[in-house]
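What follows are several structures.
Two complexes, one shared chain (chain A), two partners (chain B, chain C).
Then we have the complex of A and B:
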């Protein structure tokens, strides 16, 4: 093979310069066709509904009578009330708390990455279980754990003399109690992404640091973390976006007659209430758009800040 | 790496855009109407019937079998949509023209459907069926009639009674409740039944309009909504008295668990676990109590205690035919049949619900002889229909929000009721102008 090649190279064929254009053309067509598929999906499933939502937010009517454009009164109604501000604040607090799950996931990922750890895949599976469990089932179990009268948490706290309370029915603790579950549920996904990031950290750098006399903690912060920053960034962005859309945990864990509900509503919960309980779809559209804008803004800020701390090797 | 950055950007952008899909309320609830499109021969008619109760499915199937037998060539498919999704699914699918042919309807919801013109009038089909309108509870029939046109007929009804746990009464040496009890009797006896260690409470006072405070508001002579449906009755002294009875049980007499406790463990579950000696709730729980060994053995029921006047909240489910159906004649016939005498008897006999058609109710009483279910029938004549307006949800969804501080004791009932009346009047004004 090598021999023939060397031989053949002695008489190189003439460069097919004039034929390059017709050759490239089919590629362009294929590229256009292949791109059109996802682009069409984007238009049909995202852009068109988005446009419809914008129109709906400026409309009035009901599902049966149809909706007619009527001006910005829905927007006025929303921003003149207190509900949206409360919900925005709750959502941001929730997102901030769940973001604390990222450092936790980093530590766990680093521990699981230790060389010579036995049963690594077992632990990974264990941490991943909450991710593949239905949020509703998770919420039901945690509801029991947090139960004020018969809950597991109170029982444990009681036996060690700690404070007991109705964790998800008390306005002072409900949002935090739900956020704790949010952290726990997100841990698995975060872990997988961070673990993949850790695999990519070259062992030679670790070894070099070790030869320089760096201990495991120093190595973690000076070598591993900086190289892991792209993954940490991705995990943070996804975690915040997920948190801004939180609904299911709150819906199941609190229930509709919970005294803590008024103080714990998130923005998507408010959307559900207006659009599907009170049947005010136009107002629901306004809230959906507010959510979109908030998510875009928060994500843009994160992208802006990444320049300061994310290292791309 | 540039490509990593681009990839991250794309992923984040896609995640952000996913949100936009949240706002799309249309066309999402399809997949239900495929029952109609089939039918190779012209004779064959497939209808879809939507319900929200898996508990009632066996009885419904039995009723539908009879209907299919009487109407050769017609087959009916049951579509169970869970309660939490039922109304939004029915609304969107109906508006989108992909809805079921026949569906369950409540008085609180029908106004919007009538206004939207999406229901078939059932008058002709009812005439044809030979059923007698006089045999239905009048208050419930009125719920589904608009301007002389009937859009649904009640298939069943339920009233509220005072359920009690005989074992806990025996243990405390307290005599069982009788129909002539007053609410003062409830308080004194609840005090005797409540254990100081918090393991047993005399009665449950959940914030549940139909099962608790609506009843006492009407018994005190108040009303939730004015006769003409234009103003709130919440700020009247009678309504406040009716609500205060329940909040006092928690905050003054300490004979009921708190609202927090009911949020953690719903009242019926607490009752069934022997933590509450009494609970006011509906006839619709008879089947659940009968199927639970502890409840079946220890529970019984009597009429609601009396206030200034007798009253119990009565409610019923109706069957509507939707105008979007491809087979209007069969759909209307089915809607009437599902609320007819035969259907009523099957519902009662299985103990599922109290059939609405007069003459079929005794079967319900006989279904579970361990409970005095006659109490629910005896009260029906004092029944006050669950209060509704054209867009009930617009104000009913705010009741919990405003009354919560009264239940937790952070506000007086007067303050809470005034706030609720204000919000409700606003919603009603919007509804009447629209």
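Then we have the complex of A and C:
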């Protein structure tokens, strides 16, 4: 059976171009054999679940009674309540704040990129450590640092005359406090991708600008940033998609009894709560589908806006 | 080079000041975590905070082992990681090979099925995945932790991208020598994919080790939990014993940080290659 292609290609008089015509699908059998397991898993764990989630969102029932299709009342119930709107707003605010980490990462990447800079890999290691650490563990530390009574942050702020409060127990600040940690955690990832982009920027351009008398700041904004826009775009899209998934930080930093929790839930948190704490799977399915819609919409907007500011050399 | 060394070093001095300040911000939470982990409970909640413990309380680390079944949780985390990584490397590389190197009917639509999954937020799969695992009777098991992740469209995509860059003459020559696709996959393509496989191994290990939502849902018996879930429940149970919490969380992040320090280059390549964060 492996000979099919050889046989076919032997037929026409011209020996080269063995890829043409004879059999466009010489590997059907092998593909079927080798794909059986991967595709089987895909169906069981991803494709079927996708369909099932859509069906569940239009169903009623419980895990014990089973679920029967019943119509759009779950959707109605969700959107008539306040929770989903609150969660949507929180998630978008969170994503927007974490996006502020991208310019920070750009500055750090540009600083690290300077020629002849010593200790580059030392800095890179330190900036990257939060990326490889478990969000749960990191969130615990920050929760402790943010503590209103004996937290380190309040102590530091107090010593410089800044405002002090119970950062993650106060509905006015909890989401922002979590988002600050989000920036802190994502900096390393953003940095790596932007650094890879900077590597691709031709040095001759930087040098030409330098010879023209442009200072480092001018060079950063007039040469580096425009050439880096494709990487900046990639980082921004990934940052937002990642932010829309935020769960771990919130779950740990705001415990279940936290007074700020009700006002600070994100979509995925709401999903977890409805589907696996309250065990309302149909409602959970609706929320899951909402995350899909939001992710697609936000990403589409970003791709739309891309034309205005991203230049592909 | 072009500038006088005096100018350059003074400019770099400013750079170092800024980078150092940033680095301090990145690292200080971990320093605080460590310092807290060796304080007494009283010291950890003192106002104003004490920086250094009067005498290091290393017993907080052993206390962590007494409060939750850390041993079995660590075993669960490791087993889930290994199973998930091995499954993913085998399964994803097989699928990637088929899509990148074979010509067959329905290649486009089938590949699209994998790529669609990549674009969908994971929550859409979670409820039915849970039902599948429960139906199999696998709740509270290692395979429950590892399984959906073991079949990874992300892995297929990363390896597919890599395999497409290998020259087609490789397969053609092997076929003329009488090798079948399985042999070509195993003996030629897979060995050449080592860098991509290494990057994928590292990223998957990181996902698996740090993951919270899925393990939280499927494994609810303490002896079957993973470390992050164990930590989360520990916080729920004794939310105020900060020294023990900090000791525990420090222990659980240590393996990945060590691996990162040792395999930094591969880590960074993995992130740059896929653009995906943990």
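Brief remarks follow.
To be clear about the criterion, the second predicted complex is superposed on the first by the 266 of 313 C-alpha atoms of A that agree within 3 Å, B and C clash if a C-alpha of one lies under 4 Å from a C-alpha of the other, contacts with A are read in each partner's own complex, and residues count from 1 in each chain.
Here is the rule we use: a contact is a pair of C-beta atoms (placed from the backbone, for glycine too) under 8 Å apart; a residue touches a chain by one contact, two chains touch by 3 or more.
What you see is a predicted model; the values in this text were computed from it and never measured.
In the superposed pair of complexes, A:204 makes contact with neither chain B nor chain C. When the two structures are aligned on the shared chain, A:284 is found in touch with chain B and with chain C.
Counting the residues of chain A touched by each of chain B and chain C gives the higher count for C. Of the two partner chains, chain B and chain C are each touched by A:46. Residue contacts after overlaying the shared chain place A:68 against neither chain B nor chain C.
With both structures placed on the common chain, the touch criterion links A:169 to chain B but leaves chain C unconnected. When the two structures are aligned on the shared chain, A:56 is found in touch with chain B and with chain C.
Residue contacts after overlaying the shared chain place A:108 against chain C, while chain B stays out of touching range.
Once the two complexes are laid over each other on the shared chain, residue contacts for A:303 go to chain B alone; chain C is not touched. Of the two partner chains placed by superposition, only chain C is touched by A:135; chain B is not. Within chain A, the residues touched by chain B in the first complex and by chain C in the second are 42, 45-47, 49-50, 52-53, 56, 149-151, 234, 238, 242, 245, 255-256, 268, 271, 275-276, 281, 284-285, 288-289, 291-292, 295-296.
Chain A contributes residues 42, 45-47, 49-50, 52-53, 56, 62-65, 143, 146-151, 166, 168-170, 230, 233-234, 237-238, 241-242, 245, 254-262, 268, 271, 273, 275-281, 284-285, 288-289, 291-292, 295-296, 299, 303, 312-313 to its touches with chain B in the complex. Taken in their complex, chain B has these residues touching chain A: 1, 4-5, 8-9, 11-12, 15-26, 87-88, 91-92, 94-95, 112-113, 115-118, 206-208, 257-266, 391, 393-394, 397, 400-401, 404, 407-408.
Residue ranges on chain C touching chain A, taken from their complex, read 1-2, 8, 11-12, 15-16, 18-19, 22-23, 25-27, 29-30, 32-33, 36, 44-49, 91-92, 94-95, 97-98, 102-105, 107, 110, 113-114, 117, 119-132, 147-148, 150-151, 153, 156, 172, 175-176, 178-182, 185, 206, 209-210, 212-213, 216-217, 227-228, 231-232, 235-236, 239, 242, 245-246, 249-250, 252-253, 256-257, 259-261, 264, 267-268, 271-272, 275-278.
Residues 1-2, 5-6, 18, 24-28, 30-35, 37-39, 41-42, 44-50, 52-53, 56, 108, 111-112, 114-119, 121, 123-138, 140-142, 144-145, 149-152, 155, 158, 184, 186-189, 192-193, 195-196, 207, 210, 216, 234, 238, 242, 244-245, 247-248, 251-252, 255-256, 268, 271-272, 275-276, 281, 284-285, 287-289, 291-292, 295-296 of chain A touch chain C in their complex.
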